[in-house]
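First the structure, then my questions, so here it is.
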Amino acid sequence: MRKMTPPMKMLGIVLLLALPAPIFIVFGASFNGTGYIQFPPVSWSLRWYAEAFTDPRWGRAVLTSLWIAAVVATLITAISFLAAYFTLRYAPKISGWLELAIFSPLFFPHASMGVAAVALMAGMGIVGTPWAIILAHLMVTIPFSYRPIHVALKSVDPDLIRAAEVMGASELRALWDIILPICRSGILTSLLFTGIISFDEVTVTMFLIGPDITTLPVQIFTFIQDDASPVLAAISTLSVVITFVAILLLERVAGLSFFVQRQSS
Amino acid sequence: MNTGEKPTLAKGLMLLPALIVLGLFFSSVIMLFSNAFVDRGGFSLRYFEQIFSRPDYHVVFYRTVITSIIVALLAVLLAYPIALLLWRSEKHRNMLLIVVLVPWLVSLVVRTYGWIILLGPKGFVNAFLGWVGVIDTPLKLMFNDTGIIIGLTHVLIPFAVISILASLLSIEENLEEASRVLGAGRWQTFRTIVLPLSLPGVFTSLIVIYLACVGAIVTPLLLGGITEKFVGSQIYQEVMATFNMSKAAAWSICLLSLSFLSLVILKIIERRALRGQE
Amino acid sequence: MIRPTPIRDAAVGTIDIENVSKSYGDSEVLSEVSLSIPAGSFLTLLGPSGCGKTTLLRLIAGFISPTRGAIRIDGRDMTQVPTQKRPIGMVFQNLALFPHFSVAENIAYGLKLRGISASEIETRVGSFIQLVGLDGLGERRIAQLSGGQKQRVALARSLVLEPAILLLDEPLSALDLQLRKQLQFALKDIQRHLRTTFVFVTHDQEEATMISDRIVVMSNGNVQQVGTPQEIYADPQNLFVAKFIGEVNELPGRVRSAGQHLAVETGAGTFQLPVGVARGLTPTAGNSVTICLRPEKIAILDTGVPPASGMVTAEARVLDTLVIGPLTRITLEAQGTRMISVQMTDALGPLRQGAMVRIGFPADAARVFAPLTADLASAFGEHA
């Protein structure tokens, strides 16, 4: 019974392969020698990559997206860890309320969230600065960070903490020596997962950019609207590669089982 | 890991950063409301009245909802065989999972761009058909509802795969064998055991995909163009082109209310369908 | 086995528990417990689940604070002393070994926290690995160990810090019988050698009698009796203790008269007992009481020979006999009351099933108790 009927299996395989298909199309288009997408391709070239690398706007956008992703992932992982650690260890009674609040952004349509974010950031006078983007990304990523950390912390046996304390460890030592290493994969999942989300976020971010700052996906979006030069294909390929590497890293250091765990709340 | 100790106030500070982030989120919602009910410096319901009275706006909401429902159903339908495939292939599951995760996590813009290359007037499909000689003038595959539906469905299938797979993986292994031993056929086992137990994943997908669709901006804007408006693309235009924050906020609130209403309805349907489970 | 030299003379490691109560909301899990634990002793807190034994252990460890009362270690009040600063070690029920550390790293952890030099740590860890019999397993991961080996790591990890007191919370409960016996002896051996005060929690009376110097029988948040295993077995102070430790024949009855002698009427007959066998009550005529008899005290008497003086006798029917090596277990029935007698197989004549025999027991071997209160009876699944 552990087998599927051949037609069902074929269907599954075809559909599965259709998922990354548009990405491969972008990939192929990026090596197209002519100025517009043509079939069959007339010539192959790396000219769009050369163009992408010489245009300083792209380099800047890539770097901006990378550093914002790094800052957001680090901050939100630390924030979620502190909150989850405190609630699980000292105040399990408020755990349900906190989760409700943390997961509520998930039920917000992104368009509304974008307008709400721009309304707030405009009120604070920071639209068009990295701060606006970072703060908005913190709001967007907090559920995705809290979940894996909460799951990991919840599985820590309280007797391990007590054992460390009986042996003379202060709370901080026990946290550092025992709890953090045990929660390693949850923390790494949070770091990489939120990093990827921040790096690729566009719907909320596009409301918050300004003349001085834009992120890679938002810039791709703007360029698609203006003119669809194949340089976009080269740049998109680059962004896919970065995301892909991050996912492989995640698989290596923490495994992917988190994504397919049945979530219990 | 609760050790039964009483927290001190100083330790309570650990909660503060998270509360700040949540505080920002809730203040942004408050700001949204305070923008929506203001026009030229005073309280006004102008933009809400506008939404309720203009038939062309009704069409936009109507299109958004109908398209979202179609996309949610289509995505779940197409995701199910993929989830089954991953569930069955224990050995290669991790590799196959990456094939699902990468399209899920790669930026929306990039995935939509792929569809533009495919479906555009000078795109891959038209170029191919022209080269073969099937068509003389390019087919209109984009800038219409079809384009939006194709794009959104494709963008959201990976999530449905993951959440249905999670449900499938939580089915106890011997349940199926038990059913077979008791004499149920392959199809009957699927229908009476596997499908009902995977319903929680199906409903999670429907809800999340529906919500993602009604709030989508990028895909409808790029594949639907300016004429086939979505609520999201309308909102985008109000903020970015006409700089009318009040109108955008009013639209956002209507979108928000619509989502909550839909969420409630979907939850009721879910509860009914899952009655007896858990 | 190479052993570290004994660490101390048995002067440190005294625990005084003074009127300690612990409540959670309205429910009191410990009420007014007072107990003195001498340094260097092996003391067991014994009782059914929910009796408060683990709570008492956690109070000593400092994981929780008493609602009322005080705990002193070597005369020092521990109320304000956090767990980290108490002179204790602990072996947890689930062992709580650090899964990401090796065996040696687990044992070394506490020493590292104390800032001891690496070479010193290596020496000490090595000698304790030997003490608990884990030679050569220092580099193993915890997941690669068997249940018994894990137990030994948990023990070594605590003992290497040379605590004056070691708290053990049912550490053997997850092991199979054979291994359990083996580790019970090992524990006893190590304790005698190191002269550390061991406070051991268990619900298994056999285990408690086997390894302890002293047993504290607890129930419903109260101490029922404190004493050596022999004392508690031979002279239980109430019906709960009698029933909880070892096997016992219960003869429920009513006091007929109480004067120079105690006459108790039971289903098996009316027995004349010395007044001194009553425990925890002053018997008066009309009292409901229970006579308790250990199975080995009930003898099968030779017919024709008059019973020795001080023997109380009755007629009984043999229902069943079961030879368990040197001992034989005889199920008897005396006018509807079932009794068990355990005798040396060698000393026993042939017994036919269904035969009527004369049984007897020394009058001063019996104990007379008041019936169990409802809350104590629930520990045995009975309804009073």
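Labels for the chains are A, B and C, by order of writing; each one numbers its residues from 1.
One rule holds in what follows: a contact is a pair of C-beta atoms (placed from the backbone, for glycine too) under 8 Å apart; a residue touches a chain by one contact, two chains touch by 3 or more.
Which protein is which chain? UniProt says A = Carbohydrate ABC transporter membrane protein 2, CUT1 family; B = Putative spermidine/putrescine transport system permease protein.
These numbers come from a predicted model, not from an experiment.
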Chain contact topology (line, ring, star, complete or other): complete
Most central chain, judged by mean C-alpha position against the global CA mean: A
More contacts between chains, A-C or A-B: A-B
Mean-CA-position distance for chain C and chain B (Å): 62
Inter-chain centre distance, chain A versus chain B - centres from mean C-alpha coordinates, in Å: 16
Cα-centroid distance, chain A relative to chain C, in whole angstrom: 57
In chain B, residues with contacts to at least two other chains: 3-5
Residues within chain A bordering two or more other chains: 157, 162
For chain C, residues contacting two or more additional chains: 63
Residue ranges of chain A in contact with chain C within the complex: 157, 159-160, 162-170, 173, 177-178, 181-182
Chain C partner contacts - residues on chain B that touch it in the complex: 3-5
Footprint of chain B on chain C - complex, ascending: 63-64
Parts of chain A lying in touch with chain B, wherever the complex brings them together: 1-5, 8-9, 11-13, 15-23, 25-26, 29, 36-40, 76, 78-80, 82-83, 85-92, 98, 101-102, 104-120, 122-123, 135, 138-139, 142, 146, 153-154, 156-158, 161-162, 179, 196-197, 199-203, 206-207, 216-218, 220-221, 224-225, 228, 232-233, 236, 239-240, 243-244, 246-248, 251, 256, 259-263
Of chain C, residues touching chain A in the complex: 61, 63, 82-84, 86, 88-90, 92-94, 96-100, 109-110, 113-114, 157-158, 161
